[in-house]
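Pasting a structure below so you can have a look.
Chain naming follows the written order as A, B, C, D, E and F, and within any one chain the residues start at number 1.
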Amino acid sequence: MALELSNTERAQVLVQALPYIQQYAGQTVVVKYGGNAMINEQLKSAVISDMVLMQLVGIHVVLVHGGGPEISGMLKKIGKESRFVNGMRYTDEETMEIVQMVLAGKVNKDLVQLLQLHSGKALGLCGLDGGLLRAEKMLASEDLGYVGEITEVCPEIVNDAISKGYIPIISTVAGGAKGEVYNINADIAAARIAAELGARKLILMTDIRGLLRDKEDENTLIPVVNVSDVPRLEREGIISGGMIPKIRCCVEAVRRGVGRAHIIDGRIPHSILIELFTDEGIGTMFY
Amino acid sequence: MALELSNTERAQVLVQALPYIQQYAGQTVVVKYGGNAMINEQLKSAVISDMVLMQLVGIHVVLVHGGGPEISGMLKKIGKESRFVNGMRYTDEETMEIVQMVLAGKVNKDLVQLLQLHSGKALGLCGLDGGLLRAEKMLASEDLGYVGEITEVCPEIVNDAISKGYIPIISTVAGGAKGEVYNINADIAAARIAAELGARKLILMTDIRGLLRDKEDENTLIPVVNVSDVPRLEREGIISGGMIPKIRCCVEAVRRGVGRAHIIDGRIPHSILIELFTDEGIGTMFY
Amino acid sequence: MALELSNTERAQVLVQALPYIQQYAGQTVVVKYGGNAMINEQLKSAVISDMVLMQLVGIHVVLVHGGGPEISGMLKKIGKESRFVNGMRYTDEETMEIVQMVLAGKVNKDLVQLLQLHSGKALGLCGLDGGLLRAEKMLASEDLGYVGEITEVCPEIVNDAISKGYIPIISTVAGGAKGEVYNINADIAAARIAAELGARKLILMTDIRGLLRDKEDENTLIPVVNVSDVPRLEREGIISGGMIPKIRCCVEAVRRGVGRAHIIDGRIPHSILIELFTDEGIGTMFY
Amino acid sequence: MALELSNTERAQVLVQALPYIQQYAGQTVVVKYGGNAMINEQLKSAVISDMVLMQLVGIHVVLVHGGGPEISGMLKKIGKESRFVNGMRYTDEETMEIVQMVLAGKVNKDLVQLLQLHSGKALGLCGLDGGLLRAEKMLASEDLGYVGEITEVCPEIVNDAISKGYIPIISTVAGGAKGEVYNINADIAAARIAAELGARKLILMTDIRGLLRDKEDENTLIPVVNVSDVPRLEREGIISGGMIPKIRCCVEAVRRGVGRAHIIDGRIPHSILIELFTDEGIGTMFY
Amino acid sequence: MALELSNTERAQVLVQALPYIQQYAGQTVVVKYGGNAMINEQLKSAVISDMVLMQLVGIHVVLVHGGGPEISGMLKKIGKESRFVNGMRYTDEETMEIVQMVLAGKVNKDLVQLLQLHSGKALGLCGLDGGLLRAEKMLASEDLGYVGEITEVCPEIVNDAISKGYIPIISTVAGGAKGEVYNINADIAAARIAAELGARKLILMTDIRGLLRDKEDENTLIPVVNVSDVPRLEREGIISGGMIPKIRCCVEAVRRGVGRAHIIDGRIPHSILIELFTDEGIGTMFY
Amino acid sequence: MALELSNTERAQVLVQALPYIQQYAGQTVVVKYGGNAMINEQLKSAVISDMVLMQLVGIHVVLVHGGGPEISGMLKKIGKESRFVNGMRYTDEETMEIVQMVLAGKVNKDLVQLLQLHSGKALGLCGLDGGLLRAEKMLASEDLGYVGEITEVCPEIVNDAISKGYIPIISTVAGGAKGEVYNINADIAAARIAAELGARKLILMTDIRGLLRDKEDENTLIPVVNVSDVPRLEREGIISGGMIPKIRCCVEAVRRGVGRAHIIDGRIPHSILIELFTDEGIGTMFY
């Protein structure tokens, strides 16, 4: 923080952010929080400050989080190996219990506490609260246990929280019809919640620069993608591997009416603010 | 449920509950939920039905829960022994993490899910959400670790939830000034929350009949106690053992303005409804 | 009232009513009150309790009443014979004055007073208040005097009363264009008011079990009738006599958007509650 | 109405009323309506127009009415003699029934209808509606039957009516603790209701010019009286006979916080408007 | 003001205005104020009283004013000649500055002050406030300088003022896209504002009787004109000269949804009231 | 604006402003705008940006302005010399007219237009609108003409404007009891308005660094002054000359309940933001 700036220069920075702030005031922005930005303490603190700042300038910010590493850690503690099927965690009943506990009880409430310490007003929710997320068993070639597919998003509780001035922080477990609970992919949940809220923006925080034309060269970042070009980019192999599901989330969000979806690099401090409050933005934007 | 009643008799029962319902409409009732009623599935379902019914007839119901057995179970799973000091769980950092996870992530959200399945509208909170409970380390003759003493109750989030039609379900972990988290006794938390909400009633669900003049004889139940008589009853040994802290909670709640505090027997199905909707009530009432 | 039930059994009855209550909360139910249930003191008291209970559990209840016997009694007192033409009271100017006085001044306000004594909040209205009912002279083969046909229902005053928490009790006299007042059939008025309020249910209290396949045998009750079957049932003579106008009211109400219309037996205590809060209901339902 | 005025003159009259209108906008004025102004059709129509005009210019107007002649007429019709004790109608049970019917069912609803015909929005109430007036038996040297003394005024229903834009028209029958109904003096009821509403003005319409120093000479009108001078005026015999109870109503109203109380001559068309909208006013004002 | 009327006659006048008042309560009336009525002190005071009276009886009144003579006077003071092109003031930059100052700073605020002195609640606006009027340079055969043509009316600030109980008084200068300011014809601005507000009436105060069939004979006033007849009347020369733009404003207002547009004679005191509150009205009405 | 900063650095600046923003959100800040900052176009634009930014982050900002140079310029244009008595402009009737026109019509509306161009929502008011400022003739040893002393501040119109989302911009002319208009010192008006609004801060923009211990040396700035020390500082000559009235305004504001009053240097771009959003602030603060 050895930023040597005069007060006048600081004021100029604030004023230059003004047109961006005006543009987003009263709009909803859903941030999917994950990756390094959730582990590194300094990045974490930067994300939380960004949330509070966004709320202060009138943005309705909603945080959706994952928590893979914490879940794996807890499973290990009780002597259970994490097992993955096609990149998805196989979730038996005992694992589901741990997933729920870790996400809704630990990761979520720790974020709530951190936001409160930054003088934000936070409310920790999971997909069960107010019936926010309903799901059924995901059907796949190989059984995944309690991995769920969203059947309904009921955003009333999120809107209630926003209207009362809280930043909603959401764990993505969902309720089934018979009282069972499902583990939901956080990117997908964020995309669906953003769509139901009529959000202006969905921001997925990742550990990569964005969509690169050449995966080895960060200078080949593609800053803007029309969602109709995504199939072609997949065929060309530019979108590949772990990027495929993330970008499909972006496409789905945009198709369901979200203004813009972004894949940004959570390893850069304040990447969300940079995205919102500068001209060039950061990462890759889908529209 | 082999209750053989004609429809006219059923209607009579409803009508006879009328004057009690009228009396509580628009009033706040805080229920501390614990003991057998949280373990036995049938009792659990009865409690949840009671909550939904109470809300439907216009009562603002708030549920505060404990979760000792679930915490002990989880600690055991990770190979950690529960340790108690003067009846309070010694809570080191690792234990506190488990306490938070189990209460706010497991017990709380399971209750939320159950209430939603009964067509209620539930919101699971812990003391961190919206800064509901703030605490500091409890000073005792022997160190208790992260066992906390409430320093401040900020009931805004509970009132917000009620005003939006949710039944708030509260886990009693609290935030400290430096971001640490404390384990709070649920009876005490319920008493303090009831006081801050200006509740009409505090109901502590226990595994006993109420205050007995002769502990061995359930026929010696004392139905009504003036809080000013409590010191004498303690001296006489009628209030003793595990009853002492529970009754002190009742006294504190009444002293801080709660209309009535009740110790009721959670082993009786629908004991809350019986307390609210019959003349004689159930258990022991403090005023 | 020698109903011998334990408190737990009583609680069970309340809980079993729960799903029915949830279903009607926030819905409007219009009850046409008449017949024996208005004469027998015990039945009267049961009806009033039912009203208060319905309001307490969130139902918007509206009571529309007749008063034939009281009108005839008063006419007799002033030495005037009641005269009926095709089942309708011939209403000369002096009779109309008595009708208005008895309905709006006596029957209506007595019901208001009774409801208030049961701790309800009642407001007595007639069709003149706030221009609720407007009418013109009913044209018939034989002159009926001031018997009117509804030309307009202006439900604003009823909605205002509901929104302020009152149970509206309505006498069915209506205003004409030149300030004259008309006598309106209460069943028809109830059907029209229910339609204008967008009511979920219209309930007509009568002195019969419902629609019977064989008028002599109460065991032949037809519990459910599709309104499109009514013409056939009339042709078959199953609907006949005094049932014809009552059932036509039900049909009209359903045609104008009321969810369900019911003919129930007002001689059974709490027949309204039984209809609302049990599975099988009571009487005949038109949909 | 052969009032020959140019349009400019008419406009001047409106403008000259302006400062008076401004003074009363948003204020409550309670008018006790009775005497000739209730019998003569032209005076009646003038009073109703005045009410509608007052409401249009933002005055919250409340009408309280009597109905002695109509009651006597109806009693005669059923062959019952009116009997008076010290100027008060002896009210046996049958009489009370007639009083209630005539006031709440006939006089009240006729006024409602008339106001609606003048494009006003009227709601007819009696003291039973919403528990507006509660009373107990008046104790007097000679038994008066169901003549009541007000024990409580609960003005909520009047305020609700005003807030929804209705002109409340009130019949002065009141409910007793056991469901019996009492006949209440309308002047007293008006004074008490005015006090409970925090009215700016109470206006009693009478058949006299006001308080005269010499009863035989209308030129000796006393336009303004300080309520503290009333005892002296009574001793001097200037206040005497039927004036005593009326003026005591004025005194009580002022003592309970009503700004001004007026005795005006209802035989003069538009006497209420003249009182409100001219400098010199009309009749006698008590402050 | 030597108007010799009894109080009863005054009351009759008020009552006779009643049906007109009822008709306009809650409606918006836009008055273009100009001509002699703005110069003669007595007429000015009459107009202001009319405004206050209209507001008191529930009319949402909006005043749009010109100020040609004041502008010319000020220009003269600084030694600048007024120059007119086709009846429009040629407005160079210096003139525009004077126009803005005189209208928004002098004429407008003087009217505000006058209305406040008459106990009205006034708010002086110009087209710049809240972006009320946006304009661009008017293109004409001969350059007019900063004479503008309205491109957008944003009535939010006027509605805000009305909702808070103020009478908005509007100067017709408008903002351009680059911060320049334009001089706008007040008749046109009034018509456009009336249209955007969904006004019931537009009233243009002029110095003529209305549209005359024979300009020399005031007895040939045409009281009512259908806007579709205007082209014919123009062809016939009945509408000619300075009347053409005024009447085109009326036509435009009606075409854009204003209920009625009126040209009235501002030289008659209280001409607005006469128009609103008498049967025959005054001047010429376009519908 | 050649500010070379990385996006991350820009984000850091925003985040560092966060605790200051949080502190002021929902608070009222009154800025007295004057001096060089009103003349230099770049400074002007910076002030306006600051206003818009402050509003966006939830501050209720109110701008009070002077306009001495513009008044003098206009007076000169009409050939009238400005005359000052003890530092106050002698204001004859003609001058008063110019003062009102220039302030309320020119300076005020130009600021409104500028704010609108910066996407702010502005409403230009003067002390006459809604009766905001009432004044009487200031009594001084030498006659000052229409220089006024505030007798009453009625802040309702300012609160209305804030509640509807406008930035109120206020010219300090005030109305007298007889319709005359007074010229009011803008510093004093700002202090009084701040007090009536219960403002958190009053900021006076000047052309000096703040209060200097040695007027010749800007390094001797006194950053913080307790208002109780002001008399001593005056006696010591540290407060002298033109500073005396400005500092007395600060003292009066603080005495009347404004949290803090500041004298800041309007010649520094964004001095208001620097004051609000940095630790050390700028200029001299009075508390």
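Criterion: contacts are C-beta pairs under 8 Å (C-beta built on N, C-alpha and C of every residue); 3 or more make two chains touch, one makes a residue touch a chain.
A quick note: this is a predicted structure, and the numbers were derived from the prediction, not measured.
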| item | value |
| --- | --- |
| Minimal step count in the chain contact network, chain B to chain E | 3 |
| Neighbouring chains shared between chain D and chain F, ordered by label | E |
| Taking each chain's C-alpha mean as its centre, the one farthest from chain E | B |
| Inter-chain centre distance, chain C versus chain E - centres from mean C-alpha coordinates, in Å | 56 |
| Interchain centroid distance [CA atoms averaged], chain C/chain F, Å | 69 |
| Length of the line joining the C-alpha centres of chain D and chain E, rounded to whole Å | 45 |
| Chain contact graph, described as a line, ring, star, complete graph or other shape | ring |
| Residue ranges of chain A in contact with chain F within the complex | 1, 3, 5, 7-19, 21-22, 25, 46, 49-50, 52-53, 56-58, 118-119, 268-270, 273-274, 277-278, 280, 282 |
| Contacting residues of chain B [partner chain A, same complex] | 74, 77-78, 97, 100-106, 108-109, 112-114, 116-117, 121-126, 128-131, 157, 160, 164, 166, 173, 175, 179, 181 |
